[in-house]
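The next part holds the structures, each set out as structure tokens.
Two complexes are shown next, each including chain A; its partner changes from chain B in the first to chain C in the second.
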Partner chain A sequence: MSNLMRPWQSLLALALSLLALATLPLLMPQAPLAFSLMLMFSIFVLTIGAALVSLLPLPALFLSVMLFVCAHFSTGLMIARLAGNEGAASPAFFLVLAANWLLAWRCVSLLCEIRVRSKMADNLLRLVIPAIFGAWILILWEALTRGLGIPFIILPPPSAIGARLVASVPTLWADVQQTVFKAVIFGYVVGCAAGFAVAILADRIAFFRRGLLPVANLMSALPIIGVAPIMVMWFGFDWQSKAAVVIVMTFFPMLVNTIAGLEAAGSMERDLMRSYASDYWQTLTKLRLPAAMPFIFNALKINSTLALIGAIVAEFFGTPIVGMGFRISTEIGRMNVDMVWAEIAVAALVGSVFYGVVALGERATTFWHPSNRSR
Partner chain B sequence: MAENNFSVVSAKKLGLTFETSDGPVHALSDVDLEVKRGDFVSFIGPSGCGKTTFLRVIADLESATSGEITVNGMTPENTRKSRSYGYVFQAPALYPWRTIEKNIALPLEIMNYSTAERKERIERTLDLVNLAGFGKKYPWQLSGGMQQRASIARALAFDADLLLMDEPFGALDEIVRDHLNEQLLKLWARTEKTICFVTHSIPEAVYLSTKIVVMSPRPGRVTDVITSTLPKDRPLEIRETPEFLAIAHRVREGLRAGHSYEE
Partner chain C sequence: MGQEKLIRHRIMPVTVIVIAIIAIWYVGAYFMNAPFQRDLDRRANVTSTVIEFLEKTMSQPKPTLPAPHQVAANVFENTFLRKVTSNRSLVYHAWVTLSSTAVGFSLGTILGILIAVGIVHVKALDRSLMPWIIASQMVPILAIAPMVIVVLGAINITGLLPKALISTYLSFFPVAVGMVKGLRSPELIQLDLMRTYNASTAQTFWKLRVPASVPFLFTSMKVAIAASLVGAIVGELPTGAVAGIGSKLLAGAYYSQTIDIWAALIAGSVLAALLVTIVALAGRLVDRAMGARPSGRPA
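On to the complex of A and B.
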């Protein structure tokens, strides 16, 4: 409640927007398209009004919705005027933007304090809070790149990246198919399965444990930059060589984690199996593998990101004219930075989805682990 | 009855020495003991007296380094391989990824019982330990006492006539422990199993046992074997009778004698 009593963000936002009012205009005199009086009036009414209303003792839900709408509408009006006015934003512009940012902060902290009983509303809140947070990263990025006129080559504004992304969906989709659906998935499945199988072999046969593990250790130290061109030599330009790089990259984390996991079962649990005269495979499937699951999923999660990195980097060393790594390396050479960023955005999205799917699988499989338990 | 004289556990001059980096540790030396069918034998002594080690030798979780031991007339290894004992550990050691039902089914799965038989046995043993209705719960959703009862049910689920219990109630509070002791006695009377029970509580040992083995440390050996004169039917109140107190006194004397030359 103490946070409700001292809405310092609102007070500061009010002060900043009043300061902005004193240092008008919002754009430098040389700006080709000035803000109309009506537009400026709307922006200030929205920002100052929201700051004032948020000082009143009103319900948190009402206040946060009001702040959300006003702060973002005002920001939208400002940002929309930036196109064509690159590098012409005045200090007053950034003061109002800062005020709106503070109001959005206030909105999020109000949302964080709301305690809801229904599961639906709780899930909605869980989405809305990080969404506002993420949106402000984009808003500030857009305002700073356009407002300060940062060169396109250095950092394109997110709106330009978004436009490029939408315009090149067929190209991007073809790249995703080539890199992710062929190289990454195949390499990931084979690499993880091989790491797992070798871990079981090493556990079962001392010869493997003593002889193979040090060699596998060496394999983990292989630099991907060195391995990738060799794999291209061996397996050709198409996705098979990229899948081979992914296999090399994902094999070792899986091996090490599975071996560690197989040792995770407690001595009492093992004695119990021994008292049942259980054989090696029964103990493995009924005790040691379930106990190893948290470790195995750890490796699956690490590998989900490693596999994507491996496949993209491997495409820098020879590839047919499709693929995410190929696109990045050629478009940066042609100074099409927005396309590079679009490809990065797609890679981030694919990586997150991949990781998310594995994490969901983990929650379903290791629900019993103290870190996942819900009574 | 001739059958009642059958020796379930028979140890002669049994010794076990652990080789450690600090030199040999004599965990057991010259242990002679007979456990007859249907006995409830408690092993009591201070920590380090080898009572748990002795139980583990019976279960073939450790091997003796000298002397002889037979369990059910066989070597401990063959007894273990014929799956003829159930072991209850100090902690419940239930697998957290299995429900209580599935935990009890674990030995049955390993021993290839049919699905129908499994179901019937799970129900029966859950009833025996008063856990009916908790089969679908996960171990971590139950209290410590309930978890330990589930682990007893797991040891009872298959046909083993010998039950080895290693301080099963050591981690529980006294009220729960009293309650479980009472239930254990009833269960023993109903199932007519032979029970070897390790404890460090004198009242628990005297209340439960037909025979109390007092042990002393360094090296672990048997200092006294007391045959209980208490009747088989024992309400909790029996612990205030002079007979009970006399046995408890003798146990305490035995423990003190084992300790005396240490100082």
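On to the complex of A and C.
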């Protein structure tokens, strides 16, 4: 039963491409440049052929590679022909596109079934499967915006965003320097260090901790980002005010998590330290801080995102004429949507790198923790 | 916990900390407002006593840091003394923000649950979508808020929906991640038991996975509702200050109405605390209705 059910993507893809053959051509009649017969032939051969072959009981690895190559080559041919034909795609065009998407889905499900022994191949699979998904988001975005002729202002195609990104690297780099290297990093380091220091203080004085913890828990649920206009008023338009917002935003998650982490060491281990006659600071540095590391890194990860958000939003309230938030708010005012998307892509990249660095630090520091060992 | 212990270990420390914060606030207000007040006095050729000077720093119309009682008076005035429909009423602005928060939060929760159900049941979705959901947590999503507002405004979609969309975007991540964890929380031995009962996938889902995921759902909903409030507030920033707590902040920043900014902040904080409390209470009620033991909740 499950063997019969499994290739439903292939069957559906086959049906869709046959339907597309029946409703040719691929472009509306008013399109300036038509598909050549040769091109159309190769697109259909690739898609229908891949769908047919994938119905055969062949090895999963072979099938998935074949599907990958055929589906993406066929899609590539279709999208390449869209140049000059924006907005003139016919229903048949989208039927073939949907067929190719289904084939890619089938390819991913086949890849999921593959059992590999070597660690390298497993890591490769771990990378390839989400990469295909991400690529298809871009492909569908590109094909839909250009095929349907969606106005540039509403949603520019990814290729245009990429072109704009490459063309304005110096501007984007200056924005990153202003927002990330000045405001975010300074604020992040100071905010996290302050949260950590206060947590240690709260750990030493029980009364202080009991009073502070409910207040801090409440504060970390509040929309702290609202202090941005106040900070801009106090510290001026330059990066100092953004760093102040980042400090306030990162302080409370760090405080709450560190206090929770310092409670994480078990009473057995604490008793052991006691039997070694270790004093407070020895117990702290040798037992309780290492035990708290997963919690502290959790806060560092949360804060890496919060810091970037805080700095960008604070720039909406006033900046010198450089910075990521400034660029987003001014370019949207001038309806340069592709520039805004380019800036967002850069922000995403910076955010991922930031997060990745913290995650690497976590791997290096908490290699003993079960959540890292099991991988 | 005995009543005396509750007072000694909870109420007294919190009270002391809150009083300390207010005291620091007053001292800060004095020192931050003093230079400007000194300047004013010198220009007006007034020499005031220490007490008079202190009073003046606490009653400027546009202070650098308003004193707590000024903010409290402003909040009280704009909450209780104005008509609810008035443009200056904080209740009105809080209501505007609350409505888009609620719509966005509901949409985001539903979307998050659906995605989680898909991820738990379709393996291809798990391996291809899950890494992206986690990756998107690292992206400063709020940065697209102004663009969503302006672009949707360009095609004549204005008002509540664009802001709600931003809230949806912010709130579906925590729910999706928490629900995946929750739906997977039944242990192997429990899944095996369902198998020995010859339960179908649907039966296992409704009778085992869903009940097991409820505590996780409410925990992540608490995070999500706070996030959607932030989304709604930031979404109000680029709308040209029409209504809502975000626009109140922006208007205050434009006209240097610091007391108004602080009052709007307080209103937002009260709203956040209320929303989180409501979700927490609902979680506790559902838990009790389902007959859960009090200890069975994740932190």
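The definition used in the following text is that the second predicted complex is superposed on the first by the 347 of 375 C-alpha atoms of A that agree within 3 Å, B and C clash if a C-alpha of one lies under 4 Å from a C-alpha of the other, contacts with A are read in each partner's own complex, and residues count from 1 in each chain.
Here is the rule we use: a residue touches a chain if its C-beta (ideal position, glycine included) is under 8 Å from a C-beta of that chain, and two chains touch if they have at least 3 such contacts.
The structure displayed is predicted, hence computed values, not measured ones.
Enquirer: Touch test for A:Ile312: chain B only (first), chain C only (second), both, or neither?
Expert: So A:Ile312 only meets chain C here.
Enquirer: Does the superposition put A:Val357 against chain B (first), chain C (second), both, or neither?
Expert: Once the two structures are laid over each other on A, A:Val357 reaches no partner at all.
Enquirer: In the superposed arrangement, which partner chain does A:Val215 touch: chain B (first), chain C (second), both, or neither?
Expert: So A:Val215 only meets chain C here.
Enquirer: Any idea whether chain B or chain C touches more of chain A?
Expert: Counting contacted residues of chain A, the larger count belongs to C.
Enquirer: Considering only the touch criterion stated at the top, classify A:His369 as touching first (chain B), second (chain C), both, or neither.
Expert: Touch partner of A:His369: chain B, not chain C.
Enquirer: When the two structures are overlaid on chain A, which partner does A:Glu269 contact: first (chain B), second (chain C), both, or neither?
Expert: Once the two structures are laid over each other on A, A:Glu269 reaches chain B alone.
Enquirer: Who does A:Ala135 touch here: chain B (first), chain C (second), both, or neither?
Expert: Neither: A:Ala135 stays clear of chain B and chain C.
Enquirer: Which partner chains sit in contact with A:Ala83 here, chain B, chain C, both or neither? Use first/second/both/neither.
Expert: neither
Enquirer: Looking at the overlay, does A:Ala277 come into contact with chain B only (first), chain C only (second), both, or neither?
Expert: Only chain B is touched by A:Ala277; chain C is not.
Enquirer: Pick out the shared contact residues on chain A: the ones touching chain B in one complex and chain C in the other.
Expert: None.
Enquirer: Tell me, which parts of chain C touch chain A in their complex?
Expert: These residues of chain C touch chain A: 9-10, 12-18, 21, 32, 64, 123-124, 127-132, 135, 137-144, 146-147, 150-151, 154-155, 222, 226, 229-230, 233-234, 237-238, 245, 249-250, 252-253, 256, 258, 261-262, 264-265, 268-269, 272-273, 276, 299.
Enquirer: Sort out for me which residues of chain B touch chain A in the complex.
Expert: The touching residues are 59-61, 80-83, 85-87, 89-91, 93, 95-97, 106-107, 109-111, 138, 140-141.
Enquirer: Taking the touch rule as given, give the residues of chain A at its contact with chain B in the complex, in rising order.
Expert: 266, 268-269, 271-278, 282, 286-287, 290, 293, 366, 368-370, 373, 375
Enquirer: Quick one: which bits of chain A touch chain C in the complex? Just the residue numbers, please.
Expert: Touching chain C: residues 105, 108-109, 112, 126, 129-130, 132-134, 153-155, 207-212, 214-215, 218, 221-223, 225-230, 232-234, 260, 304-305, 308-309, 312-313, 316-318, 324-325, 328-329, 332-333, 335, 337, 340-341, 343-344, 347-348, 351-352, 354-355 of chain A.
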